[in-house]
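For reference, the structures are reproduced in the following blocks.
One chain, chain A, appears in both complexes that follow, with chain B as partner in the first and chain C in the second.
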Partner chain A sequence: MQATPRRPVAPRVMRGMLLFCFSALFVLYVAGPVAWLVSSSLQSEAEITAVPPNWLPPSPSLSNFEAIFTAGERQVTYETRRQGDAATGGFLPSGASNLLPSLWNSLTVGIWVAVLNLLLSVTAAYAIAVINFRGRRATLYTVLATRVVPDIALVVPLFLVIRNLGLINSVGALVVTYLAITVPFTIFILISYFEGIPRDLYRAARIDGCGHWGALRHVYLPLSLPALVAALTFAFLTSWNEFVFALVLTQNVEAQTLPIVISGFIMDFTTSFSFVNAAGVIAIIPPVLMAVVFQRYIVSGLTAGAVKG
Partner chain B sequence: MARIVCEQLTKRYGASVAVDALDLTIAHGEFMVLLGPSGCGKTTTLNMIAGLEEISGGRMLFDDTDVTFTPPHKREVAMVFQSYALYPNKTVRENIAFPLRLRGTPRAEIERAVEATAAQLEIAHLLHRRPQELSGGQRQRVALGRAIVRQPSVFLMDEPLSNLDATLRLSMRSLIKRLHQNLRATFVYVTHDQAEAMTLADRVAVMRGGLIQQLDTPEAVYARPANTFVAGFLGSPPINLIEGAAEAGAIFARGDFRLPIAVAVEAGRTLTLGLRPEDVSAPGEGLTTIEARVELVSPLGSETHLEVLTVGQVPLTLRVPKEWRAREGETIVFGIDPARLHVFDRTTEARL
Partner chain C sequence: MLAALHRRFGYDERSAALLVFPVVAVLLVVAAFPILYSFWVSLHDIVLTRPLRRPFVGFDNYLRVFDDQRFWVAVARTTIYTVVTVAVTTLLAMLVALLLNENFPGNRLLQALLLVPWATPSVVNGLMWKWIYDPTYGLLNALLLKLGLIEKYRVWLGDPDLTLLLIANAAIWKQMPLAALLIIVTMKAIPDDLYRAAKVDGAGVFQRFLHVTLPALRPGLMLVLVYETMISIRHFDLFLIMTQGGPGDASFTLSWLIYVETFRSLRFGTGAAMSYILAITTFVLSWAVIRFLGRRI
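This part shows the complex of A and B:
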């Protein structure tokens, strides 16, 4: 057997080094802020504001987190807030006790949005992609047109609608609003995914005895698992991170979500970086967990071998 | 029991008509082949029988039941697709069991039926595999298995052999024929392959432009094609079609090429003459003798194909016994029986 000719060594090394450098830069760019968030959440206020900065915590401490989880038990007033945990710089923000309820609100809204978004989008996308009904294109364009308007332009009209519905300051108001953002986009994504599933599989399922629900359940859902997981993640994250609508539509601990409460810490009399960062770390845990759990479902090639390629 | 009746069956896509007022009755247990080039409406017709295409006009009966608006899963038909259409997320066993599972058949019975079907199709050793681990021929067997496991009274097949290689196609063709003999169910089979149509069909419907051109047994369609389209579609090598005109005394003429024909036609009428490549023989009594120069010889072992140029520069393809030892450049003489010539009107294309 003849040895396969190898490319010269120098360009290969150069290529590898370049790839490594760019990868490293990219990782730094993406992970840098997160690393600082985590690192500073383990530092005291004085350590965070030190110059030069402490990239790694000099004396790591969980006292910021402890402050968050015990904040609910303390009455924070102008007089008492300076008597907070020493690690937080000697004070607690006045909204600190709202943090855990808002975490719960965020989770509730996120889960509802993720689940309802999927239910609504899957059925709509199936209808538009698979069933040939009159007005199908018009429906699709109407749905998509709603996403052409910037969110900020919708804030006031949506506020009026939600207020007139009597839903202001409720978790339901946020769920409804976020669905209006995620559903059109998810429908669009799922339509293209469903249309990529060989039509003959649909035909075979119908012949084998499936109605439309059966075809959806036995063919379209199992074969579009990656898209469904992506849609679920997308909806949850959109809801989890949303700020403007939540700011306008909610007023207190009943319905406020994590971003609103955390931002409140900054607008207090002064800013507690340690407290904000510890809250930030808590805020990124659910999405990270979600990504870890779901990433194994996001694999391609599920339809390989369905029909002659 | 399943007799399929299509009455004035029509399918329109916007302004274009895919199937045009089709009347077709398929008897119980019949093997009906819809034959035609792509775009002739044969698959659309099949899909309408299956319930996969909405019917734009006319109606469809299964026995005496109107199924025009019945969805596919309530029609009790089975279908085999050109693309196999196996569920990629299910194993072979699950694929075959799927139609039974949807019908709520008891588990033990499903198991029995799947095993029996797999044994019949010789795929029992593949039951645990997934479709992507199978070859084309194996996949098509699984697709057949999924169709026969429910023992439906109607089988629909949409070019099931088109994706297979030539050898496999032959063995699968016999398999399908045996299946039909064993099951005695109604088969509707769509193909553009005339050999499949000839070998499998009880009756063939030759289609073009959404219309049935001829509906008859394969032998009759071959022997007496209704028009030049049907004549040209059936037969390999294809029939020789020669354009010319009639002369007085039942003579077909094209320049110096003149042949007596067995049909009375008024002089001057423009004609197309059809001559099957195999309808030539050694010159003899009652035969018209033709002289031609051999241009190309293609020996096939069992027979020989000749491309010749006759007097009057008419090119013909001939299928002759291997004993005819013709050489390129030689002139040969052969005989044609006027009764075996097919005469068509050139304008209407219809047989005369």
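This part shows the complex of A and C:
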């Protein structure tokens, strides 16, 4: 009798300890690498080239970030660039002044892609999910099939198409290209979301005199807010991350996006690591903020179709 | 004439056509046309160093690819890389899903953290791991030395036996979150009754996992496997940033081969043929996974 109240306690303590251990491992795995990137970005070149490395910045400073934001004003020539001692972090890459414009390009492209992607996908997804028209399945499969071919295979033909349209090295070319990547996936997500909305609501709207446009506006859009936010976030992140197409379709500051400029720094072996790490941190901040803020919507939106398989 | 059209296609069909038209137009220009065009390219002997002569060669490019030693090396590398990435991603995602499916304080915070790798751009992901693997200043050497697992610093990405696995590790870190989310959502949909019934029948934790959780996870797992395979098999960014196919040909994967063939050797014809081989393989693999898992588990 006296032993019974105790029995549940031991497993509960065990469970708590196990959960704690696994949580700690999880945090270490997921956040550790990023934490080290951030820590490196707050150290001077001399500090990050210490052996063994400093786990935490000995004297945290924002000088690398300052260098990025003032790079446009600084004249980086062969002479001025050699003046700094390598160990003090004077080595700004010659392309450093491209960083801010490319950040701006990334934002512009991302916002355009997010908005246009939603406008295009919502109407198509509604038609495919709700209206029973001839060629419905064919449309769906064609849309999805465009994602089977690897991006690297599309780069050359797409380059030729864009060049013939006279859009090489323009933000517009990137927007159109990224739509080809985001639209099929968004349509897929939205269809599974729309199909989960009770058909009776649609019928009621039609009986009340709504056309398809009205049903979409008054029934489907208001009810699928999570999926819409998820689609916006997803499209922005895809465009923010994209690398291969931007590499081929852009040539200079006018249209190059952040990943391209950063990859240029990585290949340039004279670049100081502290500077590149800071650039990396800047590239991580917007998407991570967005993901965390819209967490709820992303999880429910992106995974709407998962349960059905 | 308009009236005839109206009679033939009802309101539904006319609206559908109007609603679908913009997407179809965009996809025709930026997806369908390039796809067909690259197939046309793959049937011609197009080399950019010889721009004026581009004869039709039928499927010769494909035969040439199959004769190419590098192609088979790339197939082997891609296979190892994809199998490791998909297997470890799925396994880790399953563990993370089991953890986050439990109710405990801090759970929501961990779920927010989970989105950090997912949102990290692949270029930054490559930069971050390259910096961690750095032979002199990197974290990995320092950590392993401190733990006593290595005796002196090593050039991690310079070791042909490890390169693929180290790149896979970077890819897994970024891909695991989405896989975990998909599995969590599937887990949440499992009715509690099943667990209660299993408990009544005297099933332990592991038995419940094996006989209740795992079978119910089938649709989620299938989606994860197909999706992860499709993206891992065509990974490119990490290879460009971290190793450029090296050292030697240790990380010479298919997408890297396509890049080299197209943009360094400027042989567009064979490059396009390789792309088609990769695309068809991806398609067949996804289909096979769906069929196999759809029946087995």
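To be clear about the criterion, the second predicted complex is superposed on the first by the 277 of 309 C-alpha atoms of A that agree within 3 Å, B and C clash if a C-alpha of one lies under 4 Å from a C-alpha of the other, contacts with A are read in each partner's own complex, and residues count from 1 in each chain.
Convention: contacts are C-beta pairs under 8 Å (C-beta built on N, C-alpha and C of every residue); 3 or more make two chains touch, one makes a residue touch a chain.
Please read these numbers as outputs of a predicted model, since none were measured by experiment.
Counted by residues of chain A touched, the larger count belongs to C, out of chain B and chain C. By the document's definition of touching, of the two partners only chain B reaches A:V219; chain C does not.
Using the contact criterion defined above for the overlaid structures, shared-chain residue A:N169 touches neither chain B nor chain C, since it reaches no partner. Judged by the touch definition given at the top, the superposed model places A:G211 against both chain B and chain C. Contacts of A:I266 after superposition on the shared chain: chain C is touched, whereas chain B is not. By the touch criterion defined above, A:F26 reaches chain C but does not reach chain B. Contacts of A:N241 after superposition on the shared chain: chain C is touched, whereas chain B is not.
Shared contact residues of chain A with chain B and chain C: 132, 211, 302-303, 306-308. Across the complex, chain A is touched by residues 11-13, 15-17, 19-20, 22-24, 26-27, 29-35, 37-38, 41, 95-96, 99, 102, 104, 106, 110-124, 126-132, 134, 136-139, 142, 145-146, 173, 177-178, 181-182, 184-186, 189, 218-220, 222-223, 230, 234, 236-237, 240-241, 255, 258-259, 262, 268, 271-272, 275-276, 278-279, 282-283 of chain C. Put simply, chain B touches chain A in their complex at residues 47, 50-52, 54, 71-73, 77-79, 81-89, 98-99, 102-103, 130-134, 136, 139, 146, 156, 163. Of all residues in chain A, those touching chain B in their complex are 132, 198, 200-201, 203-211, 214, 218-219, 222-223, 302-308.
The residues of chain A lying in touch with chain C in their complex are 16, 19, 22-23, 26-27, 29-31, 33-34, 36-37, 40, 48-53, 119-121, 123-124, 126-128, 131-134, 136, 139, 142-143, 146, 148-158, 160-161, 176-177, 179-180, 183-184, 187, 211-213, 237, 240-241, 243-244, 258-259, 262-263, 266, 273, 276-277, 280, 283-284, 287-288, 290-292, 295, 298-299, 302-303, 306-309.
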